[in-house]
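Step one of this worksheet: look at the structure below.
Each chain carries a letter (A, B, C and D) given by its place in the written order, and its residues are counted from 1.
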């Protein structure tokens, strides 16, 4: 794949995020929040080796998983420590953003 | 070798550094009062050859290296006989005081001090002929959460 | 008595400024920390430190709780003739800890 | 401070129209010094958010050598190729790649002088210069002495040198690791290194020992490291902490002597990590304000001393965020977003940043500290409750999982930045 194609795809994916965040509840910016997740979950959340992909997954499923980490009902290694630091609106915005990215 | 006692001390040490409600920190006025208590208030401060060597920035306040030094000969009539160090932001303003006797090669001493955050450190020195010299040094204390250490006071 | 560590050179030339180090293993509890059981640890500090050379004072230090655990002091004495360098620490209860080393002046 | 969503959306909406690379040259000029974790992340993100910007990159090394995962090279878990990356992938994103290292920077004019004499000017400058080593803080230590007593705290030839010395050391040897007072790059890094050297010695040279001369009293992830050392490396590691005068004050490379206030130790291999400060370019330009590390605005990362100059990564004071590659990459993308907002005439919006700092204490024994940080006008602070380290007493499966995640994180992030 050429660099130009890669850029175009990345652009599309990023462009979708804020639009969906606009429609979501609260004032959270899903795109801005999601960038912080790419280091482990891969570019646009498309996955990174052992660390699962988030792109294109059901928004409700992502949100339930994050909420479960936050309240301790879902066990894990890193995520139970990170998830409690996000508000409900931020969790929804993140879930909506990743759900819209093409896997 | 790493012995059990040291291991336990290491692990327990972290737990012991819990969040502690600090008493009211000293203020510049408290430091001034402590200086008056130590040296009286009848003499003005003059500038003089007192040097405070300390890092400009420290990551924890638990142990900050500091050297106070007078660049003046020990056989001069205005040699330094006494130095005291004060904090403007610790629970107690006084840190330590040192007298230099006839066997000292120079009026200089180094130790490690505790600092409750960013603040000015004040050194007051007294000469054999009774004048007071003051020097001030600002130390910035930053605490990185990654070290998992809290300043210990 | 607490454990101490001192560093005094074995020999020095007459007139030389000799660097001296002295440390005492003491927690210097400053009264603001809690034990693992949640109880406040009371103030427990070394209050005085003195170094003498040939019986004369080199430095005499008054310590406050703002001195870090295991207080260490570095300073210098003027070598004149062979003799003992003596160290004395006193804690807040008046208990005394001592150490000494011989300095040979050539 | 208002949200910049409007701008963000506007700039993104313009993207599909701007055929890649075609619109470039019309926008502001941004000079980037340093293409490590911070700089590379900044370039990638800014290219995406503000494609009209003209980016000139100045990088002193021909290849990137990652400090994260360099301890694995030293411990023999993998070879140096794993931490070495070409800049080609980054350069092909439409950046201009200046030739040679930066030797001077004028914050007032934002002019960077290269070693060949060329002067690069920009409307904005991003400095991600990393650290410089304060050799003078240890008597007898110097860049020359580091050829005998490597620091290996800037990855590359020093990493390979320390590895070779360990391989060539005879069984029964003494390895000294000297750790400076903080702040320094990668707070748990020295202890990960000790662990992986112990892993190597235990298998290859079991009569050897490691003496840790530590200026620090407590340290990052201390309980987690000590738990592993007691389980895997009993009797191999002796540590003298700062409170027992573990700080190294002097070295003699001719006799391999390492000295603290009270002890002189003769080493077979001496890894002397000196105290550190911001990268030389930032220091020489006075951007540290005399305190060794650069103060920046916690939201935009703009220097508080020089408008138009942005500083990220290890060189800057980032509040509670540690000096790590992970942090630098997060700061790089947040800084790029802040600059894109600035260029669009908007205020930067505060973000949430993550640091997940993995350590390997053995190939299959990993643990981490993970925190989310809020950017506020007062500084960057970890959000509580939440965050923290792997719990003490975690089982082998947890440690193995964290080791796998550490490997995944490294490969994922490095391929995003330099791939």
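One rule holds in what follows: contacts are C-beta pairs under 8 Å (C-beta built on N, C-alpha and C of every residue); 3 or more make two chains touch, one makes a residue touch a chain.
In this text the structure is predicted, and so the values were computed from the model without any measurement.
Chemist: Quick check: more C-beta contact pairs at C-D or at B-D?
Modeler: Of C-D and B-D, more C-beta pairs in contact link B-D.
Chemist: How many angstrom between the C-alpha centroids of chain D and chain C?
Modeler: 39
Chemist: Could you work out how far the Cα centre of chain A sits from that of chain C, in whole Å?
Modeler: Here the centre of chain C sits 59 Å away from the centre of chain A.
Chemist: Between chain B and chain D, what's the gap in Å when you average each chain's C-alpha atoms?
Modeler: Distance between chain centres, rounded to whole Å: 32 Å.
Chemist: What whole-Å value do you get for the distance between chain A and chain D if each is reduced to the mean of its CA atoms?
Modeler: Distance between chain centres, rounded to whole Å: 26 Å.
Chemist: Note the residues in chain A that touch 2 or more other chains, in rising order.
Modeler: none
Chemist: Tell me, which residues of chain B touch at least two other chains?
Modeler: Answer for chain B, listing residues that touch two or more other chains: 17, 62-63.
Chemist: Multi-chain contacts only, two chains or more: what residues does chain D have there?
Modeler: 217, 243, 371, 387
Chemist: What are all the chain pairs that meet the touch criterion?
Modeler: Applying the touch criterion to every chain pair yields A-D, B-C, B-D, C-D.
Chemist: For the complex, give me every residue of chain A touching chain D.
Modeler: 3-4, 7-8, 10-12, 14-15, 18-19, 21-22, 27, 29, 31-33, 35-43, 48-51, 77-78, 81-86, 90
Chemist: Chain D touches which residues of chain C in the complex?
Modeler: Touching chain D from chain C are residues 5, 7, 21, 23, 25, 68-70, 72, 74.
Chemist: Taking the complex as given, what residues does chain B use to touch chain D?
Modeler: Within the complex, chain B touches chain D at residues 1-2, 6-7, 10-11, 13-14, 17, 55-60, 62-63, 65, 140, 142-149.
Chemist: Can you tell me which positions in chain D touch chain C when the two form their complex?
Modeler: Interface residues on chain D, with respect to chain C: 217, 243-245, 261-262.
Chemist: Which of the residues in chain D end up touching chain A in this complex?
Modeler: It is residues 3, 5, 8-9, 12-13, 15-16, 20-21, 45, 47-48, 92-93, 326, 329-330, 333-334, 337, 349, 351-354, 356, 368, 370-372, 383, 385-388, 390, 398, 401-402, 404-405, 407-409, 411-413, 416 of chain D that touch chain A.
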